[in-house]
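As structure tokens, the structure follows; a few thoughts come after it.
Going by the order they are written in, the chains are A, B, C and D; count residues from 1 in each one.
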């Protein structure tokens, strides 16, 4: 499997045109954050904002309104149980993330269905965290997977649940076969993260640090993926995804030079300066 | 159209008199922030506080009380649906901002009417964001525009809605004609922001960076405008507005030297040190 | 009137004994923060925590619980309408601050009465902001002023209301006469703040900066006064008050060397390092 | 009594294996934070996150949901009155902390019982703050102390209540006898903190600074203890506890070189860089 090279950053992270407005850098919608896991939605949304998405909205439990506004005033909020607002927000977004801290309750299923039923072919949909678990548990959800640009971001255990491939059998060949069935990009998060693209390309990430092994790191990657997809639309999706994944781990590597554990918030706060080095 | 020069900063940002008290630097009232967009009001209020307004109050949805107090303890809060408190706050303010994150619901219209009906001739009223949209949608609001110092801060699309001048036809001549009809200062936010003053002067901003193209940037500018108007009362309004607009973009330019995207919060946090250089 | 000298800091801010525990540095109770002005209580409480008070509790409106915990996890919270809890907290405190953002409603009067009725002679009571206004408005409150160590922190207008001395007539002689009637220390906040002590001593502060003329600055001073009183109990009250007042303005002066406006939060964050220089 | 040596840090704080995932660094559950003392749970949880625990959940009063998500998005939240969720979270955790800001109400007793009744022998249970007080007040709680790895973190007064040994009689011999009866590790917080281990070893901490004498410092130590226990499982418990206690005070000592008082938040924010020096 080919390795992702640092040069991908210079290629993807382009200097913005002098005459820019926020609409050019995309609208990201993060659907997640039940009452118990509001932080996950905040971290995903923050990563999208700090990586440069034009406009970010977080659809979350009503309990999280205040934490979202206080922690990330740049984001807008909607109640994820309000189907009218959620449907409208989905239709307006370029990139939709579903799953960070969403939970697996009956309500979560309903929300996920609203997302799946309202997405169209030209939109990017990142299916993360609880949403992957829901798909694994409820076969009927698989039948309504939309015709959109789908991205899955499982870790190995989530991938086992979704693909039915036991972790020891998660070979590139087996993974790719299942990924092709899903007709989606699969970002398999592990020691050396592997990416399986729809065009058959596979890439492996050789960087990253054990200092990243902490809660919320996946939500942060998802937010960066969303921010990059929203923004770098004149690049191939293969390049954009590689750059996002590389950015996440490279920042962690840099910070791990002086921190025993690197927290999601640390990575989020480092995004703007990091990305500037490569533009 | 004449270009705004950096020297305007030295002219407007004056060393404060030794014997100063907060009342000398004005009272700003920000009316905005529905439940879904509380962050907009927080950013506008924060920009006013950090740019030196003497006292800042945010009239917002009740859901935003906590986020406001937590993020900006320097500001006071009132529920924007409480007409008694809102009216009193309007009467006490020197500069009123209406619009950031206000939304366009029936409630928003009612709130906007309270503002329009209670302002007097010696007050500054900045009409921003949702409030501009409301004016464009509801002709009856135009008929109650008060006899006050009015400032509009549309981006090109909002200006199209308000002025009925399609974006391609937004020439200085057309813009100025409509602005004179409005009897207001118009700050037309775009790649090179243009300012149309009541006295016929027009100015163009030549600085700014694509790193600013992100959600909340307009709310931040509005807050700086309010802070400058509240404070620099012995200056001509033309100078004050130019200085505020220049400050906003110059800080962004400076920060963009090391950040790929410049966030509203970054600009807000840089205001105090930036302004010190020019006093 | 004698001027406060910087040396007072070295005298008051003592190195702590090696064997210290938090109880030695006093319990501060801040009673303030109605729903509209929760930030005032947060700023006063934060200043007390950062200046070294052993334990800080904030009695505030129920709406402010979350903002307090989020902004200042070091502080405990009680609902100021809960008379049982409030009374208990008053009895346990060494220094009570009443007033920052308290408001002047009927509820505020009730809360203020609970404070006045439960304080004993060996406690310090700082009467600030809204509480001074309440005393000026409701003569019956003056009759229950407790036999405790009272401190008033009015600005000139509040002093006019409380003392009935019009601002132009606020001469040292007139001020002192009224202050002696009040049998309290009066910290009269103005361009050159004056302090009138119970022992007849008067002191004048010659430092400070117009950059401090912003909302919340008084709440911050009150918190520092509380923190110093709670902690430096083996010093004369005259020295402690002078040191607190000097600290507040000296930090502002230092920060004003690079900031156009100095915010309460800036001063709060600078307290710990500043105080270390003088111990 | 033997002194804890700085070398213990190099021994315990190990470089993480290249191939790491968050599950390897343990799940910490903090049970605490009644409405009035939510900050205590936030500080304990933050210390666990920043010291490297793999996943942290805070079980707290419903009033604290927002403050927790806003201040520490990395943590998950559950309502500590929800017995089903609390029981499940207890069973999933490796290290449970009970007590910070828990309070001593009837509800607190019920919550504490749920913890005591659902813990199994291979789990670590740190009994802190209010939970120690509850044990001292309610003899029936002592009878259901579980067969788990118990850790008590009393200060001298709490130890007096729990052990019935008056402070002047808290000699190593007396302390150890009681500690052996409790069949628990006792971390007796005082000027020179003493640790009594189940294997009969006793250790004394010779570092620490009076700048630490401030509210919340104990909650922070508890969070570090939890983070270290969760993570360093291949080390002897004696080493891990010594390292956690030493880390807490050494960071404070370092920060006290420039701060008059060292706040819990300061220590929490310094953990990641500090620990890196010793790995």
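Everything below uses one rule, namely that a residue touches a chain if its C-beta (ideal position, glycine included) is under 8 Å from a C-beta of that chain, and two chains touch if they have at least 3 such contacts.
Listed by chain with UniProt protein names: A, B, C, D = ADP-dependent (S)-NAD(P)H-hydrate dehydratase.
Here the structure is a predicted model, which is why all the values come from computation and not from measurement.
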Seminar exercise, completed: A CA-based fit of chain B to chain C gives a rotation angle in degrees, as a multiple of 5, equal to 90
Problem set entry | Most distant chain from chain C by Cα centroid | A
Exercise. Looking at chain C with chain D, do both copies bring the same residues to the contact (over half shared) or different ones?
Worked result: different
Exercise. What whole-Å value do you get for the distance between chain A and chain B if each is reduced to the mean of its CA atoms?
Worked result: 34
Problem set entry | Between chain A and chain C, centroid-to-centroid distance (C-alpha), Å | 49
Problem set entry | Residues of chain A whose C-beta touches two or more other chains | 66-67, 70
For this session: Write out the stretch or stretches of chain B touching chain C in their complex.
Result: 13, 15-22, 24-25, 49-56, 65-66, 68-70, 72-78, 85, 271-276, 279
Seminar exercise, completed: Listed in rising order, chain D residues that touch chain C in their complex are 35-40, 42-43, 46, 63-64, 66-67, 70-71, 101, 155, 190-191, 210-211, 213-217, 256, 258-266
